[in-house]
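Below, subunit A partners subunit B and then partners subunit C, in two separate complexes.
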Partner chain A sequence: MATRKNTPLTIIAIIVFAFLILPLVIITITAFGGENTIVFPIKSFSLKWFANVFNSETFVTSFLLSLKLALLATVLALLVGIPAAYALARHWEKGNTFLKSFFLSPTLVPGIVLGFALFQFLIIILQIPLFIGLLLGHFLTVLPYIIRIVGASMEQVDISIEEVAWSLGCTKPKAFFKVVLPNISSGITSAFMLAFINSFNNIPVSMFLTGPGVSTLPTTLMNYIEYYYDPTVSAVSVILMLATIAIMYLVEKTLGIGALLG
Partner chain B sequence: MNRKSYLLLMSPGLVLLLFFLVAPIIKILTTTVITPQGLSLSNYTKFFRDSYYMAIFVRTLKIAIVTTLFCALLGIPTAYFISLCGAQKKKILLSVSVFPLLTNSVIRSFAWINILGKNGVVNSLLLQLHLIKSPLNLLYTDFSITMGLIYLFLPLMIISLVGVMDNIDPSFMEAAESMGANRVRAFMKVIFPLSLSGIIVGSVLVFTGSLTAYTTPQLLGGNKHLVMSTFIYQKAMTIGDWTGASVIATVMIITTIIVIKLLNMLATKLDRREKDGN
Partner chain C sequence: MAFMDLSDICVSYDGKTNILKELDLSVKEGELVSLLGPSGCGKTTTLRVIGGFIPPVSGTFTLDGTDMTHVPVHKRNFGFVFQSYALFPHLDVRNNVAFGLKLQKMEQSLIDTKVNEMMEICGLTELSDRFPKNMSGGQRQRVALARALVLEPKLLLLDEPLSNLDAKLRISMRLEIKKLQKKMGITTIFVTHDQEECFSISDRVAVMNKGKVEMFDTPENIYTTPTTEFVARFIGFENFIDFTKLEEHTYKAQDGSLFHTDVISVKDQCKATIRPDDIKIINDVNIAENSITGKIIVRTFLGKSYQYEIHTRLGRFLVNGDIEDVHKREEIVTIYLPSNKLILLQS
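Up next, the complex of A and B:
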C-alpha cells in the first residue's frame, strides 16, 4: 500500500504538517526570549516570562475562573444532557427527530451572537449576575457535544440488556445506573473532555459576558495582546500547550485518540 | 419508556434551551422588526442598501469561501496521505492534526501575529535577504485573516476526511490503475467521488466556522478589516447601537442556516446520484 504514496503526495503532506506545526514551534521558542519584545530567532535565553505569568494576578485569577467555568458548564451539560440523550435514544416517536435537532440547535447560533443575545436578555433586562450568564452561555455551547457523543454511544447499548435487568427485578432507575451507565462510560468521558476543552478555550460567547472581576483566561489574553507585544502570551501558550499534550496522552492511553475526534 | 418519563427526562434541557436560547434570540429578532413606525423590515433594507455594511458582509463571505477552498485543496491530499499510512504512523499524524484543534484560537492567531507582523518572521527574513527594503503590510489585511482561518480550520477538514477515506477499499484504486488510469486520474475518478460526503461535511464545518469566527478576525484583521462577528461587537460595545448589532446578529444566523441547508441539500443530491449508479 505504501507504493501508492507517490512523491507529490508526500511533499504536499510534509508542507501541510510543517504549516500546522511551525507557528506553534515559533511561539514556543519566543517564550524563552530574553528581549523585552518578541523577536525570532531569540537572541538570549530567559525564563522571566514564565515567572511573569505566575506572578500576574490577572492571569492566575482568570485561569482559575476559566477552570471553574469549564467544569461547571460541563457538569451541568452532562446532568441535563445524559437524561435527554437517554430519552432520545430509547423513545421512537414522532417529534423525536425534531427534539434532537432542537437539542443540537445551539450549534446553529454563532458564538458571538449567543453571547450578545444572552448579554442583552440576561444581564441588561433580567439583571442576572455576569458569571451566571457566562455559565449559561458555556452550558449552551457544550450541550450539543454531550447530546451527540453520549447519544451515539447510547445507541450502541443493546436495549435487551436493560430489559433483562428489568425482568430480574431492577427498577428502571436502578437498571439505568447499573446497566446503561457503565456501558456508556467511555462516551461520557470523551464528551466530558471535548466539552471541557471547548468551554475552556471559548472566546466568542465570553466576549460579551465578561467584565470587571469576571474574565476568562482567553479573553484576558485577547485584551493583553491589544496592549502589549511581549512574550508573556507566548509563555501562557506554552503552558497551555503542555496541558493539552498531557490530556491527549492520557486520553490516548485510556480511550484512544479517536475519543478526541468528536 | 412511557410518554411521561420521556418528557420528564428531557424537561430540564428543554426548559433551559427555551429560556436561555430561544427567548434571547426572539428578543433580538423583535428589536429588529419593531420600529418607531410599527412592524417593519426597514432595518434590513437599510442594512442591505448601505455600502459600508454590504462591504463587510461581502468580505465575510469572500473570506469564508476562500478559506473553505484552500482547506479542501490542502486537506484532501493530506487526508489521503494519512489514510494510506500504517496504524502507528496514522495515529501520530492524527494526533498532530488534533493538537491544533485543542489549542486555544487566541494562541493560534497570536502565532500569526508573530509571523506576519511588521517585525515578524516573514518580514525579517525578507529584509535579511534584501528582497524588500521596508517591511510589508501583511498583518491587519484580508490576507492575514484568511491565512489565520485556514490555519484554524485545516485540521478540521483533514479529520472530517480521514474517517471517510479510511473506509475506501484500497483495491478500488488498484482496479482503476490496472485498467490503465494513471494515479491522478484514478484518484479523481475513485477516491474523490467516494470522499464527497466527507468533503461536504468538512466544508460545512469550515465554511460556517469561518463565517462566524470572532477571535482570528479580531486579532489578525484589526478594527479596519471588520467581518460580521467583529462588526457586531464593535456596533454594540463601541458604538452602543444595539438595534444595529441585533440586525447583524439576525443576518448572521440566517446566513449560517441557509449555508448549512444548501450544502446539506447538495450532499443529499450527490448521495442520490451515487445510489442511482450514475
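Up next, the complex of A and C:
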C-alpha cells in the first residue's frame, strides 16, 4: 500500500462518508425506540417494532411478493438479456447502435411514465392479472441493466476464443456454454445483483401496477407511512439493510467484490 | 491430385466485390506453405475459408480426396492458431490443451497421457497450472500450438502467429514451429506479411495480391526470379525498365539503348527488373551496353551502403553503392546492369 497523505481529500472523504452513513445510523437507532412515533434521540429501548413487522401480515406477504417478483423478473430478464447482449456483441454490425439504444430506452424513460403506460395498456386495456402485469413491468425495468452489464463483459471476451472452440470440435451452442459463459460469469452475477436490487426497491412502476391483495414491500411501506408514523418503518428498513449486507457478504465471499463492479 | 486443393474459390462479403477471385492453391502432404502478401490481399480470408469460418461463394476445397467445402468447422479437425492466441482465460494450461480431447469423450487416462506428452514437446510441463493471464507471449503461443496439435489435426492453420512477439522470440519461435511441423509431418498453412519470416520457414510460398495468387514457388525461386511486377516489388526489386525483344538475349529499351540478359522472355514486350544491390556505378563510360547515364538526386545512408536515387532517360533508378566509393549529389554517373542480374517479368 502506498501511503500518500492528502489532508483536504481525507476531510472531504470523511464528510461524504458521514453524509451517506448518518441517515442509516439514525434510522437504525429509531427502530429501537420505545415511543409511538419516530423520534431521535430515542428515550427508551424496545424491540416491539421488530415484533410488529413479523406479526403484520401485510409486511410479511408483501415482502414475500417482492422477493418472488424480483427473483422472477431478474431470471426472466437474464434469459432474454444474455442472448440479446450476445447477439449485440457478435452480430448486426449495422444498426447496432440503434438497437443498443433501443434496448436501453426503458432506463431513459422516467419510471413513472413507464408505470403509467403499462397501467394503461396492461391493466385497463388488456386486463391481465395484477401479478403478471407487475412482473412484466419489473422485467422491462431491469432488462436494460442486464443487457448493459452482460454486454460490457461480453465485449471483453475475445471473439476468436469461440472460433478456436469450434475448431477444436465444439458446435456453436456448445462453444457458447463452454467458452463464452464461463468468461462472463462475473458480469452475469453483477447484472443479477443490480437487477434484483432495482426490482426489489422499485416504486414508480409498482405504484401503478399493484392493487388489492397484490402489493410490493416498498408500496406497502409507502402506504403505511401515510397512516402511521411509528418506528415499524425503521424496523423494516433495518431488516432490509441487514439482508442486503448479508447478500453482499455472500457475493463477496463466493465471487469477490470485483464481480459486483464488473 | 494434391493433398489439399483449393480450386476456383470466390469469396465476397457484400455480394459485389470479391475478396478472393477464382483462387487456386494446391498443397502437398506434409508441406509448410505460407501465404504472403500486403494487408488486404486476402491471405487471412483464404485461411479462414480453409478453416471453415467463411463459406466461399463458389469453388471447391478438397482435402485428401474428400470435398470439405461445406463441412462445418467443428467437424473438420483442423488446428487453428490465432494471432491473439485465443487461449481460454478461465482454464489453466493443462485444461486449455485438453479442451479438444475432452470433447471427444476420450478416457481420462488417455487424455492425460496425450496432454502430458504434448506439453513436454512444447516445453509447457512446468507451466501446466498457470492461467493465460500470468504467461508471456511466447508461452501463450506455445499453449495455442499445443492445444491445436494434441488433436493430431489433418491441417494446421496459423494466422500470423508470431506478429505479437518481439523480434528475438519471433526467430526462435519460428524455428520451433518448423521443427514441430517437420517432426509431426503435419501439413501447415502459415499466413504472414513478414517476408523474412515467411522465407525462412516455408517449403513453398504463395504470394498473394488482390484476392489472387500471383506466384507460388519455393522461397529461393521467388527471391531470385519473381515472375510478376507485384511480386518483384513486394520482395524488394525497385527498378523497372520496359523492353522490346530484338533477339532471345537482346532487348531494346525505350531510348534505343541495348541490354543483354541471361534469361529469355516469351513475349515481345516485357518488363525487366533488378535489385538496387545488383546495379553497379561505373566510371568507365565506354561500356555502351547494359548501362545508362544519370544524375544523382538523393543520397541516403543505409549503414552497410549508400543508396542513391538516380534520374536517367529510362526513369528513376535506386542503386545501392559501395561505402568506399562515395558519390555526391548532382553528380553525373553511369550505372551498369549486369546481364545475369536482369530479370524479365512475365506480366
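To be clear about the criterion, the second predicted complex is superposed on the first by the 237 of 262 C-alpha atoms of A that agree within 3 Å, B and C clash if a C-alpha of one lies under 4 Å from a C-alpha of the other, contacts with A are read in each partner's own complex, and residues count from 1 in each chain.
Simple rule for what comes next: contacts are C-beta pairs under 8 Å (C-beta built on N, C-alpha and C of every residue); 3 or more make two chains touch, one makes a residue touch a chain.
Note that the coordinates shown come from a computational prediction; the quantities given were computed from them, not determined experimentally.
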Subunit A as common anchor, with subunit B and subunit C clashing or fitting: fit
First (subunit B), second (subunit C), both or neither touched by A:A13: first
Subunit B or subunit C, by number of subunit A residues touched: B
Angle at subunit A between subunit B and subunit C, C-alpha centres, nearest 10 degrees: 90
Which superposed partner A:V179 touches (first subunit B, second subunit C, both, neither): second
Contacts of A:E35 with subunit B and subunit C, given as first, second, both or neither: neither
First (subunit B), second (subunit C), both or neither touched by A:D158: second
Minimum distance between Cα atoms of subunit B and subunit C in the superposition (Å): 10
Doubly contacted subunit A residues - partners subunit C and subunit B: none
Parts of subunit C lying in touch with subunit A, wherever the complex brings them together: 51-53, 72-80, 82, 84, 86-90, 99-100, 103-104, 144, 147-148, 151
Sites on subunit A touched by subunit C in the complex: 158, 160-161, 163-171, 174, 179, 182-183
Parts of subunit A lying in touch with subunit B, wherever the complex brings them together: 1-2, 4-6, 9-10, 12-13, 16-17, 19-21, 23-24, 26-27, 30, 37-40, 79-81, 83-84, 86-88, 90-91, 93, 99, 102-103, 105-106, 108-114, 116-118, 120-122, 125, 136, 139-140, 143, 172, 197, 200-201, 203-204, 207-208, 218, 221-222, 225, 229, 233-234, 236-237, 240-241, 244-245, 247-248, 252, 257, 260-261
In the complex with subunit A, residue positions of subunit B that touch it: 1, 3, 5-7, 9-10, 12-14, 16-17, 20-21, 23-25, 27-28, 74-75, 77-78, 80-82, 84-86, 91, 93-100, 102-108, 110-115, 117, 119-121, 124, 151, 154-155, 158-159, 163, 170, 173, 183, 211-215, 218-219, 229, 232-233, 236-237, 242, 245-246, 249, 252-253, 256-257, 260
